[in-house]
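The chains carry the letters A, B and C, assigned in the order they are written, with residues numbered from 1 in each.
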Amino acid sequence: MNVVAQSVLVVEGLSKSFRGLNALDSVSLNVQSGEILGLMGPNGAGKSVFINVVTGLYPADAGTIHYGGRNVTGLASYELARLGIARTYQNIRLLRRMTVLENVLVATKEHIDRPLRSFCVWNQRSFVTAAKRLLEQFHLVDKSDWLAGSLAYGEARRLEIARALAGKPSLLFLDEPAAGMNERETEELSSTIRASHKFVEAIVIIEHDVAMMRNLPHRLIVLDSGRKIAEGRPNDVLAQSNVIEAYFGTDGTDD
Amino acid sequence: MLVEQIINGVVLGSMYALIAQGYTLIFGVLDKLNFAHGEIFMLGGFVCLASVALGASLPVAILITAIISGLLGLMVEFVGFRKFRSADAHITAALSSFAIGLVLIDLSQKVWGAEPVALTLPGSLQTATITIAGLKIVVLRLAILVISLLLMLVLYLVVLRTGLGRRIRAVAESPAKAALFGINVTRINQQVFVIASVMAGLAGLALAVRTGYSSTDVGFTFGLKALAIMAIGGMGDLRGALLGGLLVGVIEALAFQWGVGQFADVFVWLFMIAILLLRPAGLFGTLVSKEIRA
Amino acid sequence: MMQDYIVFVGVNMVLAWSVYVILLAGSLSFANGGFMAIGAYASGVLTVKFGMPLIPAALIAGLIAGAVGVLVGFPALRTRGIYLMLVTVGITVSVKAVIESIDYVGGIQGFGGMVGTRPWHVIALVILVGCGLWFLSKSPLQRILDAVREDELSAASLGINTVYVKLVCLGVGAFLAAVAGSFYAHHLIHVTPDQFGIVVSVFIVLYAVLGGTNNMWGPPIGGVIMTLIPEVVRGLESWRPTAFGVIILVLLLIRPDGLLAFRDVTTRAKKIW
């Protein structure tokens, strides 16, 4: 079976530098259909830059990005989102002044694809039903009318993921979703992510939490100083000496 | 003739730069626009005028102008900005400073009238010229240029080399973080306002001395232009305000030289738009999306 | 006299709304005085020099202003919010300077002969715009605009073409300001460029902000109040600017979000269902 044909995303030779500093140095990887891919690396390794480039926030200096076989290098954020690449942010970016329900409703694909047409939409019943159904999957439907800004941290994370999935994407990027969570919350998050898997073809998750990255993803890739230094099954990768050194440092400090 | 006009432009530009630097300093530190700034500039000219009329010599008038401008700055900070500190309050702070400006203009017109008022200085001072490299230069204008550049140099050194400057830069980067480090943000805001207002007041004095009269509408016209200069140079950047001010001064001088003086304003704003198209954050500005930096 | 009031209040309401529409997508525009000028002069030329009736002339003038807004706004939208604001100031300044230099429309002396505004024109305009905005507030497009206004980055990640949305709002806002300007000019009969400068642009923004920009009712009410305040301080005729400034300051200190700052959130969400 041709691996490329099964890949949702193929990144080749991606490079990006800021003011002379190499944030990404010719990184190549692919995301396979049906998998949860983990992306790890110490601070400054380039994980966030990678996700920002791939989701269209910055243009790459070099390299190509193919999504579903199609060359999408250089497209803007919103174009990539419409093609089916969704993401969440490290510091949760919900629309805090809108309700939980509205946050999901705003992502409705039909409206976003034709914003002016949506001015004429009068009967929104079907859209509300669909949104509530999605919220139900994430155990948030009871708080539909709450302001998004009043949610607890864990709930806010769930909402952000739910909203990202409302647009029916094929590829979902999660940027440090477990930041600031304790063990129990991280467990809940992991099961939420596993449950999300049925809504989307592939998930890429950037995280620091080693326990989570050992158990959740099918495959793990490690970046260090803008370069890929390891790739494979989580247990294998985490046992590699260069990974241990890069990630934990020689004085054994944990993240 | 052309060279003389360019020199005129540079002198005018140095005054613009003084005003723009104050504006941009306040913007850099408080992240808000102070629309009363132009009126402090305007009042600088009138304070000087009043001091001289009351018998003060020029140096004393300069000192009085500086002091009163500083006090005005403190007042504006207290009335228009103290309560509106949050990041969401940009528009409110700007509008309140606009309202203060409105009041200042009206009160000035009550005292001095709406027509330009003449400033009388010892006769020789205003017309003395010297000849450098074959060009006749008015001493006064040269003095204004030199003193303006000196003031801006002093400001630059203060911001970069002193403890005060370090604290100012800390607040400019993040008031919340600066407060955590024990910096009294309110005090810094006040000091920034004083510095900016003194510069504006002295620029107003310079204008009054150079043109021979003060008028209540200069705050508006100069203040508006200072906004364009800030955008050209990059909001919050002192070098940008200097360079932008000089460029705008020269552009205006050239516009008059080439007979299209009535479009001088339009050229300045078009120039700003052109610069922003090429460099969306101005010459020295950075479109730092703090969000992405997370 | 009553006619005057109706026209001025109505025009100011629509002008406040023109700023509101642009603000819906997150941009603060100081160009609406300039758009108003384009409306007044363009419609004036059409009615006076070409004999066109008022309403078509006003609509065409609106389209012209909308086109100008979009053309100038498109490159400008790449810049950050505050730079965009300054570009809008530049628009107003430039429009005024250009009009002053064109002798065909009277230059600095101004342009005259514009007649035709009836109170019902203005009333109809207010009702039309009001209904449009009300309908908008119940539609999915309102949510999209809210998203763009609150967090552009997040909105883009959801697939919203934020530049397109902002341009549409800018174009519509320009259109509204121009139509209002047309009716205004054809009531005053004679206008001068001075009446459309940056001060007017700032005042229009004041109407909107003082009234509260979270919902569609704040701006027009701000417009009504600001139009009537000069009447209130009529006795203090000579102190009017100071009184104005003080009133604005007091209002801002008491209700910094504007007089009518509420957001019709949960009601709207419930009403959909």
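Here is the rule we use: contacts are C-beta pairs under 8 Å (C-beta built on N, C-alpha and C of every residue); 3 or more make two chains touch, one makes a residue touch a chain.
Predicted model only: the values in this text are computed from it and were never measured.
Participant: From the C-alpha centres, identify the chain that is farthest from chain C.
Facilitator: It is A whose centre lies farthest from that of chain C.
Participant: Centre of all protein Cα atoms: which chain's centre is nearest to it?
Facilitator: That would be C.
Participant: In whole angstrom, what separates the CA-based centres of chain A and chain B?
Facilitator: Result: the chain centres lie 47 Å from each other.
Participant: Find the geometric centre of each of chain A and chain C from their Cα atoms only, then give the gap between the two centres in Å, rounded to an integer.
Facilitator: 41
Participant: How many angstrom lie between the CA centroids of chain B and chain C, rounded to a whole number?
Facilitator: Chain B and chain C have C-alpha centres separated by 30 Å.
Participant: Got the chain B residues that touch at least 2 other chains?
Facilitator: Touching at least two other chains: 291-292.
Participant: If I count partner chains per residue in chain A, which residues reach a count of at least 2?
Facilitator: 57, 89, 93
Participant: Residues of chain C that touch two or more other chains: which are they?
Facilitator: In chain C, the residues touching two or more other chains are 153.
Participant: What residues on chain A touch chain C, complex-wise?
Facilitator: 55-57, 76-78, 81-82, 86-87, 89, 93-99, 101-102, 105-109, 111-113, 115-116, 118-122, 124-125, 127-128, 144-145, 147, 163-164, 167
Participant: Which residues of chain C touch chain A in their complex?
Facilitator: Against chain A, the touching part of chain C is residues 135-136, 138-141, 143-144, 146-147, 150-151, 153-162, 164-165, 168, 263, 265-266, 269-270, 272-273.
Participant: For the complex, give me every residue of chain C touching chain B.
Facilitator: 28, 72, 75-76, 78-80, 82-83, 86-87, 89-90, 93-94, 97-98, 100-101, 153, 198, 202, 205-206, 209, 239-242, 244-246, 248-249, 252-253, 256
Participant: For the complex, give me every residue of chain B touching chain C.
Facilitator: Per the stated touch rule, the residues are 33, 79-80, 83-84, 89, 91-92, 95-96, 98-103, 105-107, 224, 227-228, 230-231, 235, 262-263, 265-266, 269-270, 272-273, 276-277, 280-282, 287, 289, 291-292.
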